[in-house]
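Take this structure, written in structure tokens, and hold onto it; I'll ask about it next.
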Amino acid sequence: MMATVSLISDDTASAEVLAVFNDIRATRGTDFINNFWRALANDPALLAATWDRLKHVMGSGTLDPLVKEMIYVAVSAANGCEYCVHSHTAAARAKGMTPEQYGELLSVIGIAMQTNGLVNALQVPIDPEFKKD
Amino acid sequence: MMATVSLISDDTASAEVLAVFNDIRATRGTDFINNFWRALANDPALLAATWDRLKHVMGSGTLDPLVKEMIYVAVSAANGCEYCVHSHTAAARAKGMTPEQYGELLSVIGIAMQTNGLVNALQVPIDPEFKKD
Amino acid sequence: MMATVSLISDDTASAEVLAVFNDIRATRGTDFINNFWRALANDPALLAATWDRLKHVMGSGTLDPLVKEMIYVAVSAANGCEYCVHSHTAAARAKGMTPEQYGELLSVIGIAMQTNGLVNALQVPIDPEFKKD
Amino acid sequence: MMATVSLISDDTASAEVLAVFNDIRATRGTDFINNFWRALANDPALLAATWDRLKHVMGSGTLDPLVKEMIYVAVSAANGCEYCVHSHTAAARAKGMTPEQYGELLSVIGIAMQTNGLVNALQVPIDPEFKKD
Amino acid sequence: MMATVSLISDDTASAEVLAVFNDIRATRGTDFINNFWRALANDPALLAATWDRLKHVMGSGTLDPLVKEMIYVAVSAANGCEYCVHSHTAAARAKGMTPEQYGELLSVIGIAMQTNGLVNALQVPIDPEFKKD
Amino acid sequence: MMATVSLISDDTASAEVLAVFNDIRATRGTDFINNFWRALANDPALLAATWDRLKHVMGSGTLDPLVKEMIYVAVSAANGCEYCVHSHTAAARAKGMTPEQYGELLSVIGIAMQTNGLVNALQVPIDPEFKKD
């Protein structure tokens, strides 16, 4: 697999890009910068905006960070995004996902995909009981 | 919205279908049978197989049932399945999802969709560091 | 549901559009022109090109026309295209699809969606045995 | 391409997993177990449930097994699932799909994708004539 | 169609939400606030972040604002997002999209969907000539 | 990555296929035939129909050819079609897409994907103001 752009190494990064790379390192407590950020770095403004948003959303809140990673994996699997599946499955494991939890995540993805297909094929009308109030 | 099939009422349901409807009622502690099952009931074997699987997967395990519902919503939003989004958002609320948790669920779906699109456009090569071991 | 364009009635159709409408009628043996063609008719060249291709592909060949309609429904369900699901499910029924065949079509769509999701989540490497020769 | 999990070989499989592998072998009349099942085998219950369902759905019924495989390929292509496309195209060929049939399958997938996109862009309202009765 | 949340009117909006609404009004030169923002307003932080990003991306740059709206329509049609198709088709028209341009946009969406499906079904290997340099 | 079919070289191409290959060469002003056409060439009629349509749509009209390529990339990224993303990103560059334009294209894809996901999750009702007239 090859990217549509060059991956920006630390050596070729501008000061603006390096500042984002260093915030990624500080936030995650690791020197490792994965390829997504090195590809995005071709457009420093897009890199900064994407990292700022991801850092904010995936950080602490009312949902457990592991739960957020599993939701991320689910969206990425539905969209067939290989890289995203790999990076967020790895992140979920780094945050403690057990094999049992992973098996359940896969099972929910599987049944959701299945019923999504059935509902789209059957065009089921929405029950008024689902109303928000 | 109209379905591609008739919705099977209790009055027109076969004994096989009624048995599934009654298990849905007993499992959920409500008399309400939503339209998805009434549409699927046109094929009693498909109804039974789908309900058995969904009941098993969404039941208790190592992941919280609310977390499973949120994962289900995420997959359904990525697939653009309107009915599924409505039914599982309602289910998540019934299981205690707060507005704050819902806002975070939406935020994760949003950033995941965004980076899925960026990664697919950039064709980012998978880092060897994501390897499972 | 409202379209993004006006639907072109026979009264407002140009001669070029009417010629396509009449070929649709002659090919299908009915006076009915469904909304898809009336929407496309805002761009007569796109209307003609789309109808020519669809007429050619869905006509007789080595695959049974009913099989082609079921494949069309499957793609449309996977893509969540409501109108396409409705129009091609109706077409499949007009070509003789029985309730048993429809139940099996739905079952295949369901299991395919499910394993698509699982495979995308697991990133299963392709077996060399699948090679074409 | 690497999986997110280890592929379970016969040597490392539990008795529960081996029982499923052997049923796959007996059902298909071959010793070959493709990687999808070896990946799923990390969760023996998910492996068993998925195989049981797939075996049931793809087995004999009112639709020809080859037709079912072609529908499976169509869903998998719409979802962009590489592995699924490869495995079910190989299965369709093993069940006798000719080059002419494959060309027609591809043509239907192509026109369906095209009109799905046009309909989604035009938001065509559903004709009341498509009603099921 | 009903939303999963209440739509926030100006009367019930917090000061934080009203500030975003007013920036939307000022930026667009109209009093009209469309439902997307009124739905998002249930989570004021998500509303603000989404509007800030959209305002920045869709504003002036090297690509014509009309071109950006057409790209937005294309993504939304591929994803089957009805609301997004409607809102951005309306926005494209407001920015001067002619019927001829719209017909060409639809034609590109159609051929792209078609070849996406063919390529996904054929699993075409990427030519080394596509390399970025 | 391997295709599901053999790639047809000039040496093994029929006269019908060679005629299409030569029209591709003449139209593009290059000897290079990319793999998509060599894969499609297994079905000469599908090859000819697809090339005729693509040549017509992507040729000159009211939209700039570069704009058409960027729309093509956007659809392909939303659908996760790797080959299509690569081939049309290369085509856009060949037609003069600058890094700044590419960064804006990526930014629009990103925000569109994000709001598609949010809208699908929120099920926002369509504003009557979006009506075409």
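Every chain is named by a letter (A, B, C, D, E and F) in the order it is written, and numbering of its residues begins at 1.
Here is the rule we go by: a contact is a pair of C-beta atoms (placed from the backbone, for glycine too) under 8 Å apart; a residue touches a chain by one contact, two chains touch by 3 or more.
Small disclaimer: the values here were computed from a predicted structure and weren't measured.
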**Q.** Steps needed, at fewest, to go from subunit B to subunit F via touching chains
**A.** 1
Q | Intersection of contact partners for subunit B and subunit C | A | A, D, E, F
Q: Using the touch rule from the top, work out which pair, C-D or C-F, shares more C-beta pairs.
A: C-D
Q.
On a CA-centroid basis, which chain has its centre farthest from subunit F's?
A. B
Q) Which of these pairs, B-C, B-F or B-D, matches C-E in more than half of the residue pairs in contact? A) B-C
Q | Separation of subunit E from subunit F, taking each centre as the mean of its C-alpha atoms, in whole Å | A | 20
Q: Starting from the mean Cα coordinates of subunit D and subunit F, work out the distance between those two points in Å.
A: 26
Q | Touching two or more other chains - residues of subunit D | A | 1-5, 46, 50, 53, 74-75, 77-82, 85-86, 89, 105-107, 109-118, 120-123, 126, 132
(Q) Quick check on the complex: what are the subunit C residues that touch subunit A? (A) 73-74, 76-78, 80, 82, 85-86, 89, 105-106, 109-118, 120-123
**Q.** Partner subunit F, residues of subunit D touching it in the complex
**A.** 80, 82, 85-86, 89, 99, 102-103, 106-107, 110, 117
Q: Using the touch rule from the top, collect the residues of subunit D that touch subunit B in their complex.
A: 2-6, 49, 53, 56, 126, 131-133
Q: Going by the contact rule at the top, pick out the subunit F residues touching subunit D in the complex.
A: 1-2, 4, 42-43, 45-46, 50, 75, 79-81
Q. In the complex formed with subunit D, which residues of subunit C make contact?
A. 1-5, 7, 32, 34-36, 39-40, 46, 50, 53-54, 57-58, 61-63, 67-68, 70-72, 74-79, 81-84, 86-90, 93, 98, 100-101, 104-105, 107-116, 118-127, 129-130, 132
